[in-house]
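Quick heads-up: structures coming right below.
Common to both upcoming complexes is chain A, partnered first by chain B, then by chain C.
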Partner chain A sequence: MKQAVEELRRQAAGLLKEERVKCVIGWTQGTDVARAVPFFATSVRQAARLTWTPFCVNNLSKYLLNHRYDNTPLAVVVKGCDSRGINRLVQDRQFVRERVVVLGLPCGGMLDREKVLRVVDPGAALQEVEDRGSEYMLRTDKGEYGFEKREALLSKCLECEHNIPVVSDLMIGPQVPSPAGSGIDRFAGVRELETRDPAVRSTFWDRHFARCLRCYACRNVCPACNCKECSFEQAVPGWQQGACWLSKRNHPGQNYLFHLIRMFHVAGRCIDCGECARVCPVNIPLRELYRKVMKDAEELFAMKTPGTDPEEVPLLSTYRTDDPEEFS
Partner chain B sequence: MSARVISRDRISGFLDCILRKYPLVAPVEEDGVVAYRRVAAAREVALDAGLSDVPPKTHFFPQTEVLFHYSNLSGLEIVEPAGAPETVLFGVRPCDLRGFAALDPVFGGRFKDVYYRDKREKTTVVGLSCTSVLPTCFCRAYGSSPVDGTGADLMFTRLGERYLVEVRTPKGARLVEDCADFFTEDGVREAAREKEVLARELDGRFVRRVDLDSVKEKVDGMFESPYWGKLAQRCLGCGICTFLCPTCHCFDIVDEDRGDRTGCRLRCWDSCMFTDFTLHTSGHNPRATKTERVRNRFLHKLKYHLDRYGLAGCVGCGRCVAKCPVNIDITRVIAEIKEVD
Partner chain C sequence: MPRTGVFVCWCGSNIGGVIDCPETAAAASGFPGVAFSTDYKYMCSEPGQNMVIQAIREHRLDRAVVASCSPRLHEETFRKTLVRAGLNPYMLEMANIREHCTWVHGADIQQARIKAVDLVRRAVAKANRLEPLFESEISVTRRCLVIGGGVAGIQAALDVADAGHEVILVEREPTIGGNMVKLDKTFPTLDCSACISTPKMVAAATHPNIKLYTYAEIEKLAGYVGNFEVTIRQKARYVDHEKCTGCGTCWEKCPTRVPSEFDAGIGQRTAIYIPFPQAVPNKPVIDREHCRYFATGKCEICAKLCPTGAVDYGQEDLVLTEKVGAVVAATGFGLFDWSRVYGEYGYGQYPDVVTGMQFERLVNAAGPTGGKLLRPSDGATPRTVVFIKCVGSRDEAKGRRYCSRICCMYTAKHALQVLEKVPGASVFVFYMDVRTAGKGYEEFYQRAVNNGTVYVRGRVSKIYQDGERLVVRGVDTLLGRPVEVDADMVVLATAVEPGSGAAETARILGINTDQDGFFQEAHPKLRPVETHTRGVFLAGACQAPKDIPDTVAQASGAAAKVAGLLSSKWLSTNPMIATVNEALCTGCFLCVPVCSYRALEPKKITERLPGHPPREREVAGVNTGLCQGCGACNVACRAGAIEVRGFTNEQLLAEVDALCQ
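Let's look at the complex of A and B:
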């Protein structure tokens, strides 16, 4: 990945030097060996700190929203999955496409940091990463470590749909093969849940939602959640609006309401970047929840994963007289 | 301070003995997440789970607490919840014991918070020494250690197949008396020596070197520093760091009105990371952007709590370091603060 890192830094430095953009949103090395961290390069010197490793898991498209009400020209670095977020934000009129230079990185998959840290000392310094197709080789100051992709990638990467960004102005680095396993059923997890008895399924989600801390990390990391003000910030005392239907109360019923509202809200807008499930501090399998909607949309309306095509009309913005009416 | 020894295979008997007399709150593992909950049997307790994901402050300061129910159908009626029963909170790690010490003056100082204090006074806290040090741990920087029992009524330390049990307060002594059959005084001296060995060994396992020297003096003059703006750029504004923090204690009081002149008033955890934190009725918010909110969090940890109570606002548990989705790492912040001009 050395070649891509060098090219990324060079391109970013060029964009900043020529003042085509004010800021390049990318990643830099985080505070341990298996972390990269969102980084906002605003000078040529800072561009040299940009990096590209199999730990660049954060979907940076969300950060465009920090600038939705100003006119700052920006560049943003995206992986394949994240790039769908660019299309979605543009479709939602959150951002003008011309204002952002999209730097696309062909991606061989992201490593599961937990698995890496079982082997590598977190204090080790990451020096170089080589993508060898079926494995990653990490070179650190404390030795070299090989990780078989099949074993060590994030599960979302083994189901990867677009490892080459679907939208970009500049493609950085060499093309790399998709980390997706052959013959993988992207919706296997959803299908497995669907086969369960409704009562069992209900218990499953009850248990997970009861644990929710309502920290809203799933919402805040999500490019589909781009409302200026979330309904969950409008929780006002009942006497102001007749009755309190959304409460701050951490309670299984209220938590259920939060998650189901979010699920419906991201229908046709969730790009399946998997960030929600990654950030959840209490391991709620949120990705399966939203993918249930995605699977239904695919089966009923032949919708592709949202954000795949810049010209697509979002699921809930289309109506055809021959739409299936399975409830009639 | 007296001490006892309990063999490992008698721990569940001891916990069941507690359960016959008191409600028991202990670490429980569910879907890979460890949090403190009321348990019905000793087998539910995740004895060896290490540092919990969610800190035990949830026991004294639950995320949602009903203050009262009201009804105004035929004259105003207020029903307050019954007080807390005598309870045992088992398996609290040293950093979280420190967390309680940081919360106590907030809820028990000038303004006495009856909800917190009622539970605090009626709870016997059983501490549990750590047997490992996580890469994110830095309690050492705050003068604590993985075996520090300060703040516990009883302190358990695992030493192979047995535990040293230090009786630190009269409450702790009463719990030992209540379940006296499970403990022995034989081998206490050897166990105490072994604990010292364990303490030294664990002390050498910290990977995070955090030096707080001169940090307080530095942040005292940093309110207007551009550093906070830079740090805040990547913050998502979620509540992970504050909700998982053993010392964070902000709450918001809300009414749930059912629309029929009945309802309840409750308080819920609030987070200085949220956009509606300290939002005034007028619409003005003194912490209008992420920059002010992120600054508030770090100044609270590194300055305000010290100014107010002479106690650190961070205990070095490392939960925020481990769980922040964008790697905002307080140990890095501490190091960077020293470099700020």
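Let's look at the complex of A and C:
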């Protein structure tokens, strides 16, 4: 991945130097060996701190929203899955495509931080990463470590649909093979939940939602959640506070409503970047919830994963005169 | 604090006979915001309304709840009462304790009493949060578009035109007249169909207020009630109707022969043709698909023979727009294609198995046989004729589940016509039921029976050709035994279905279709000629299967509605429509495609926020003329920026809250 990192830094520096963009949104090495954090490079010098490792898991497209109403030209670095977020924002008319330079990175998959930290000392300094197709080789100052992709990748990467960004202005680094395991059912998790008895399934979600802290991290990280003011934060008359069906109260029933309403708000729009589940501090398997809708949309209406095509119309806003209307 | 008045109506014994209205009124007096409550035998009556007005004045009420019947019935009445009392008409909420309570829960009085109180509590909760709403006015273009030149369209056009308004009549076929002019005679009087429809066609074509477009289709309808703009495509006729005199030389000499649509495929026409001799306009068009010149580049016989040089192969479709204030859809019906599914009747392979419409052309004096009843295969006179009813109607498995309404009567008419034209003929009718509701209809049916028609109750299971005869096998369910008839000809009463292109027309007009594909009226009883799109009305069989008297009656009804709408230069708009909270709107415009009335459009606003320079951005805007207040956008808006006035989230949640207490 050394070649890609160098090219990324060079391109970013070029964009900043020519003042084509005010800021390049990318990642830089985090506080430990298995962490990369979002980084906003605004000068050529800062561009040299950008990095690209199998820990660059954050979807950076969401950060574009911070600039939706100003005119600053920006560049953003995206992986395949994140690139669908660009399309999401453009389709939702939250960002003008021409205002952003999309730097696409072909991605060999993201390593599961926890699995890496079981082997590698967190304090080690990451020197180089090599993508060998079926495994990653991490070179640190404390030794070399090999990680079999099949074993150590995030589960979403094993279900990867687009490892090459679907939208980009500049493709950076060499093409790499998709980390998706052959013969893997993308919706295996959803299917497994579907086979459960409704009562069991209900208890499953009840127990997860009861643990929700209402921290809204899932919402804040989601590129499909781009309302100006979230319905959960809108000022409501006093008599509704805490008693109404849309409340901020942390209570199992209210949490249930929060998650289901969020599910409907992203239905047909969720780009399946998996960030919601990653950021959840109590590990609610949110991704499976949204993917249930995605799976149904795919099976019933042959909808591609939202964000795949910049021209598509979200499922729930689609009206086709030749719809068979099987329900009438 | 609101001062709500609650008025509980007995509706005679409709409500008062089931629940105790004084008790309900007493219960309501304890609800939050209620300053006064009472009950009365007939709240909608003159003394009842006066009581409401008096209570409003005496108790300084600023809003009212009327607990009575459906708002569909009397909401308008009580709104006017509020205006007379000096209140905003929209400060009224109705609690439907008749249809929703006493009529359906009469058997369980105790529960009905509880439910009535709950429904009143709900209405009070909403009333407490009502806001005054104000109507605005839009101008009206005093012209009307009528789509379809059948008897419905002609009648509607004539009535509107006689009322003094200009009418644009658009017909997609080369002639007006529709299906009625194809018929030979009309039941139950047996008068000649052409004799009563052709004069109407001429009247429509020559009326000074009617502008006629034949061989034209509507492509687009933009705008809203009072201010529509319709795009019409005048299809190329390849004949200049300005020059053409209708002399007929061209269609006499045209070498191409194709089955005539007007004759339901029984007769033939040429490639340059008029559909029938009495067509209006009586000038030909060229059927490009079959014309020899367009196929091979050679021929041009019509152009050479035309004395006025009217044939113009280079003519192109013309797209024009017209401004109108109202639209009448009178697109008529089509007939069920039985040959696709009825294998037992031979899939259309036997030439002597014909449809009712083909039979009409066979017995029509202006038809291909000159009115002689001759069977299609060999031109012999059929001695035994079998009629089969409900072919495609009332048949969920193969066709439509509804009754086509006209077949019983026209089959009786056909039976009489066979008996009259072929003395000594035997006529058998296989039927499921005989339905003859209508003035003089039962008598007409009895006449067919008395004249010797044999009615056999049962379905036909098979028809097959045996030499020159058709063997019809069926069952007589009244006798409980199989029957077999050797017939010379079989006539199928095929189902009436929506005309071809009805779904597309509905889409263009922004109106709904019902489950069978007919246009949906706004209310089956109280608003039968209106649609949910204001300013669009329905006439004739495009709404449901209808016979000629009903079609003409509905067309005149639609015309009366149009005349009412166009009678004034100004129109007040419904204030209960969507509004956009521009601060919340993100401008994603996902509401735009869900609006079936095309009432939402992007709009630029300048936003000023503290600490930021003013910025321009796009948000959704509601066209108050187009919006019908259906609320689809309300649901589509994730940000919760759209609300429907009179049905705000706050009001609805208060209602739910009140019901859940």
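Simple rule for what comes next: the second predicted complex is superposed on the first by the 313 of 328 C-alpha atoms of A that agree within 3 Å, B and C clash if a C-alpha of one lies under 4 Å from a C-alpha of the other, contacts with A are read in each partner's own complex, and residues count from 1 in each chain.
Everything below uses one rule, namely that a residue touches a chain if its C-beta (ideal position, glycine included) is under 8 Å from a C-beta of that chain, and two chains touch if they have at least 3 such contacts.
Treat the numbers as computed from the prediction; the structure is a model and nothing was measured.
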| item | value |
| --- | --- |
| Clash-or-fit label for the pair chain B, chain C on chain A | fit |
| Partner chain in contact with A:Thr318 - chain B first, chain C second, else both or neither | second |
| Partner, of chain C and chain B, that touches more residues belonging to chain A | B |
| Chain B versus chain C as contact partner of A:Val37, first or second or both or neither | first |
| Partner chain in contact with A:His251 - chain B first, chain C second, else both or neither | first |
| First (chain B), second (chain C), both or neither touched by A:Ala217 | first |
| Contacts of A:Asn87 with chain B and chain C, given as first, second, both or neither | neither |
| First, second, both or neither for A:Glu233, with chain B first and chain C second | first |
| Minimum C-alpha spacing, chains overlaid - chain B and chain C, in Å | 5 |
| Intersection of the chain A residues that touch chain B with those that touch chain C | 229, 237, 243-244 |
| Touch list for chain A against partner chain B, complex | 30-32, 35-40, 58, 62-63, 66, 117, 121-123, 207-208, 211, 213-217, 219-221, 229, 233, 235, 237-239, 242-244, 247-251, 275, 278-279, 281-283 |
| Residues of chain A touching chain C in the complex | 69-70, 92-94, 226-229, 231, 234, 237, 240, 243-245, 265, 313-314, 316-319, 321, 328 |
| Chain A partner contacts - residues on chain B that touch it in the complex | 30-33, 35, 53-54, 63-64, 135, 207, 233-234, 236-240, 243-244, 252, 254-260, 263, 266, 268-269, 271, 274-276, 321, 323, 325-327, 329, 331-332 |
| Touch list for chain C against partner chain A, complex | 503-504, 507, 515, 583-590, 593-594, 612, 615, 617-618, 636, 638-640, 650, 653, 656-657 |
